[in-house]
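Take a look at these structures.
Presented sequentially are two complexes of subunit A, the first with subunit B as partner and the second with subunit C.
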Partner chain A sequence: MEPLLKIKDLHVDFLSYAGAAHALNGIDFELFPGEFLGLVGESGSGKSLTANSVLGLLPRKNAVIAKGSILFEGEELVGKSEREYQALRGKKISMVFQEPMNALNPAFKIGSQVTEILKLHQGVTAKKARTEAVRWLARVRIPHPEEIMNVYPFELSGGMRQRVLLAMALSCGSKLLLADEPTTALDVSIQAQILRLIRDTTDSLGTSVLLITHDLAVVAQTCQRVAVMYSGNIVESGPVSNVLRLPRHPYTKALLQALPHLDGPIKALQSIPGTVPNLLTPPSGCRFHPRCSVAEKRCQADRPKLLSVAENHYVACWRESHHV
Partner chain B sequence: MELKYYRYFAKQYPLTVVGTLIILIIGLVALVAPLISPHDPLQLHLADRLLPPGHTYLLGTDEMGRDLFSRIIYGARLSLAAGVGIVSIAGIFGTVLGSVSGFLGGKTDLIIMRLMDIMLAFPSLVLALALSAALGPNFRNSILAVAVVKIPVYVRLVRGQTLSVKEKHFVKAAQTFGASKVWIISRHIIPNCLAPVMVQATLGIGEAILIAAALSFIGLGAQPPAAEWGAMVSVGRTYLLDQWWYATFPGIAIFITVVGFNLFGDGVRDLLDPRFRH
Partner chain C sequence: MSKPILSLREVVKEFPIRGARGNLSFRAVNHVSLDVFPGETVGLVGESGCGKSTLGYMVMDLLPITQGEILFEGQKLADASKVERRKLQAKIQIVFQDPQSSLNPRFRIGQIVEEPLRLNGWRDKRERKNLVLQLLSKVSLGEEYLRRYPHELSGGQRQRVAIARALSLNPQLIVLDEPTSALDVSVQAQILNLLRELQQNLNLSYLFISHNLAVIRHLSSKVAVMYLGQIVEISGTDDLFAKPLHPYTKMLLSSVPNLNDERPLEVAVESEMPSAMHPPSGCSFHPRCPQASELCRQFNPELQRVNDLHWVSCHNFTQKEEETKGDA
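Our next item is the complex of A and B:
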């Protein structure tokens, strides 16, 4: 099957007076139609930056795609003009955010914001857009969608706003949904609801999802495949069951050890020693080696490639036998 | 419920209510001027020149025998038009320029803001004077001149607002939905910058009326025989020692109107400022 999204050797740099910070340092992954891929990693590992690069919305003017390619439906996105990106955003690729509280314009009613995007991308009449909007609000399980159309954002809870935003993101038939920590700002019971909603609606539409999160439990519940990021690199990727049950990379192992377990004896949680490396002066070789408990000489000298260790399971570590 | 709120507001801000009433009365007077003025404001009564306030001529007459009371009533039209016209023009252009400048940033921002800095380097009356003289002295041009001079105030205000609004998540969300820059500025930036613009505009009406009157006083605004308060004060000044009423009553009219708008503007600011909301 042809991948919907194929990112190859993507480098994103932040240019500063102190030099270039390589925030994304050669990312490779593929996302297939209808697939639900989780992208996990700690803060600053480049998860959100990856999603923003796909949409052509790099956060600052000093950020540049230095190298690599982003293929969407076989079409190269890197180097597209702003106008070409605008036709793509919201129509083929859309995004939902971490902060549903601020992601709706406080000055307009929900109805006008949902119909706005339908009018923009589908060129339908106001009346048609309205019935369509109500249908979408119902689809994301908003009770009394007709009434919600006439309500201002401040009158809705965070969970409801995230539903509205999800309806807006999917309403024009997006093939790819980038979900940037969509549940982080919500409380736990709503989190589960929203995640299930995202999974169910995208399942029925055949939309692929790139779910960005730092919550491994969320990944375990919702994703089919997961990619683990560390300091601008993907260190391990594969089917969720493999990666979470039989992690191969020391960083993934350490992340899983940092989680509390319900069963078994109560132990102190393990933390990973050290801190996230400074991107201006990253460690040589494998970027994880200063914090790695099993690092060798070779880890300091050369960067390991992401290679297959089992079916669909890829790891970038010198300790893996394949790298010998 | 609604009524209770208004009563509470009147108790809390009595001066705002006074200001609002003044504006309403002046607005009404301007609206029905032909119905309530006892004489034609331009009609000459050469036999009744410079009469003191009395029965026939409530506030006296001017050097051509025109009824001052009627002239002041008609003058309300010109002054209100000047005040509202100036802040509307300045407000609209200032908002557009300010939001574009703040949102686009870079060179556009630099050019617009340095132009505004140049304009702000002149005292506003002096610049208005020069512009109005260059455009040709009449009432419409004097309004345009003052409006242009007032634009930088709104540009700076809106630019500052834009800088904070454009970092809000809904602006980024709009980008991910494929909105263009024009759309984002008109639909997301400007509506969320409007509250302080409204405050600035209502507070600015009084000052705008004053500057327009000052231009007329100098002779660069409304031309005789138009019934404009500033122009009336200007001519009346020569007769001030012997016919005190001629310059005094138009002056009082200006004073009351400006006070009314200032009190109203203060009230609007309190109302839109969340720190004052109860």
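Our next item is the complex of A and C:
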């Protein structure tokens, strides 16, 4: 099967008076049609940056794609103009973010915002768009959708706003949904509702989803595959059951041992020594080497490539490259 | 058993409803009773807005209580003389979620940790400085941090400073209000390990507020589950996670993503928590409860004893049922 999205050796730099920060340092991954891929990593690892690169939403004044390629349906996105991106965004590629309030216009009622999107993307009449809008609100399980059409965003809870945004994102028939921490600001019972909703609706529409989160447990119960980021690199990727049960990269292993669990015996947590590196002066070679308990000499000198260690399972670590 | 270090008795907190005519108010905390014993950690969980922080602030005497009483070592804060009150207050400290905003950005780390000492009669400057160094070393920060400002530290380091400051007056109880929620997983592990170590070394009690159930389970010996201002279930930690009895606790536990589970998340209820300003009649969980009956719509259930440590407030719970289940 051809991937829907194929990112190859993507480098993004931020330019400032202090120098260039290599925020994305050559990342590789693919997303297949209908697939649910989790992108995890700690704060500042480059998750949002990856999504924004795909969407053409990098800040123009100080960010550049220094190298690499983003293929969407076989078409190169790197180098496209803002105009060309506008033809993709919200149509073939849609997105939801952590704070839905920012993505809704506070001055307009829900109904007019959803209707507007439908008119724009489906070219239907105002009347038809209104019926469609109600149908979409019902589809994302908003109770009393007719009434919700007439309220303003601030009158809704965070969970309800996220449902509205999902309706807007999915109603234009996009092939790819980029969801950047869509449930991080929500309570767990609402999070479960929204994740289930994303899964059910995208399943029935055949939409691929890139779910960005820092919560590995969310990945375990929602995604088929996962890519783990550390300091601008993808260090491990593969099927969820492989990566979470039999992690091969020292960082993935360390992250899993740092987490408290909901069941099983209570064990001491293994913390990772040190802190996440500064991107202006990242460590040489493998960026994890100053914190890695099994680092070798060459880890400081050269960067390991993301290589296959088992079917569909990729790891960027010198220790693993021996086996390939 | 020893005496509780902290006791809440039927504590109520009412806030005025803003913009409402007359003296309308709502209950953010509704008749909460709770004991914390020396050296133990009591976890407080519940969804956003259920009243966890409000409860913590009342314990800290940062908010006045509307009704009920709070006893510290059997003594009412409200009744204590000014001097005694100060002494008691020093024994209870708090650590907040966001170390960024709880540390004064214009003070150096050394001054931040020293401040409570200065305010509490430590006159000798050298002595204070020595103690500050000891406190920082307790949270694994070296002397080089003394002259830094909060913004020059990472989130985890700032939280260490907040903990060092909380330890400065030899407290017996620390209220921890989401102390790791703003931190990365690897840093969270450092802070949780530190809290556990300090507790063992100093025989501290914690009132640990969090919405992260895995974190609560990791640290607490006892857990209280709050819903719309009330404790709906309280229990020893193992029992609560293995055998939750209240329908809300069950819903909460089934909604939390579990790292060791790959089945799609269960959606226990489709509805949301009602606003505390308009609480439902009877049992406040009834609009979302799959077992709700007419009784539930009319009467609020009392906390019933399951065993010495385990209490639940639900009309559907009967002790007999529990015993037969236990025998099976």
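Basically, the second predicted complex is superposed on the first by the 313 of 324 C-alpha atoms of A that agree within 3 Å, B and C clash if a C-alpha of one lies under 4 Å from a C-alpha of the other, contacts with A are read in each partner's own complex, and residues count from 1 in each chain.
Throughout what follows, a residue touches a chain if its C-beta (ideal position, glycine included) is under 8 Å from a C-beta of that chain, and two chains touch if they have at least 3 such contacts.
Since this is a predicted model, take the numbers as computed values, not measurements.
Novice: After the match on subunit A, would you call subunit B and subunit C a fit or a clash?
Specialist: fit
Novice: What angle, in steps of 10 degrees, lies at subunit A between subunit B and subunit C when each chain is taken as its C-alpha centre?
Specialist: One gets 80 degrees for this angle.
Novice: For A:G264 in the superposed arrangement: first (subunit B), second (subunit C), both or neither?
Specialist: A:G264 contacts subunit C only, not subunit B.
Novice: Does subunit B (first) or subunit C (second) touch A:Q191, or do both, or does neither?
Specialist: In the superposed model, A:Q191 contacts subunit C only, not subunit B.
Novice: Please indicate which partner A:T275 is in contact with in the superposed arrangement: first for subunit B, second for subunit C, both, or neither.
Specialist: Once the two structures are laid over each other on A, A:T275 reaches subunit C alone.
Novice: Considering only touches as defined above, state whether A:K91 meets subunit B (first), subunit C (second), both or neither.
Specialist: The answer is first: A:K91 touches subunit B but not subunit C.
Novice: In the overlay, answer first, second, both or neither for which of subunit B and subunit C A:Q300 touches.
Specialist: neither
Novice: If you stack the two complexes on chain A, which partner ends up touching A:N105: first (subunit B), second (subunit C), both, or neither?
Specialist: first
Novice: Under the stated touch criterion, name the partner, subunit B or subunit C, that contacts more residues in subunit A.
Specialist: C
Novice: Quick one: classify A:S157 as touching subunit B (first), subunit C (second), both or neither.
Specialist: Second partner only, subunit C.
Novice: Let me test your reading of the model: by the given contact rule, A:A220 touches which partner, first (subunit B), second (subunit C), both or neither?
Specialist: The second partner, subunit C, only.
Novice: Of the two partner chains, subunit B (first) and subunit C (second), which one does A:N62 touch, if any: first, second, both, or neither?
Specialist: neither
Novice: Quick one: smallest Cα-Cα gap between subunit B and subunit C in the superposed arrangement, Å?
Specialist: Checking C-alpha atoms only, subunit B sits 5 Å from subunit C at its nearest point.
Novice: Can you pull the subunit A residues that subunit B and subunit C both touch?
Specialist: none
Novice: Considering only the defined contacts, which subunit A positions touch subunit C in the complex?
Specialist: Touching subunit C from subunit A are residues 42-43, 141, 143, 157, 159-160, 187-193, 195-196, 199, 214-218, 220-222, 240-241, 244, 254-256, 258-264, 266, 268-272, 275-276.
Novice: Under the touch definition given earlier, write down the residues of subunit B that touch subunit A in their complex.
Specialist: 168-170, 172-180, 183, 187-188, 191-192
Novice: In the complex formed with subunit B, which residues of subunit A make contact?
Specialist: 55, 57, 85-91, 94-95, 97, 99, 102-108, 116-117, 120-121, 165, 168-169
Novice: Which residues, counting only subunit C, touch subunit A once they are in their complex?
Specialist: 47-48, 154, 156, 184-190, 192-193, 211, 213-215, 217-218, 241, 251-273
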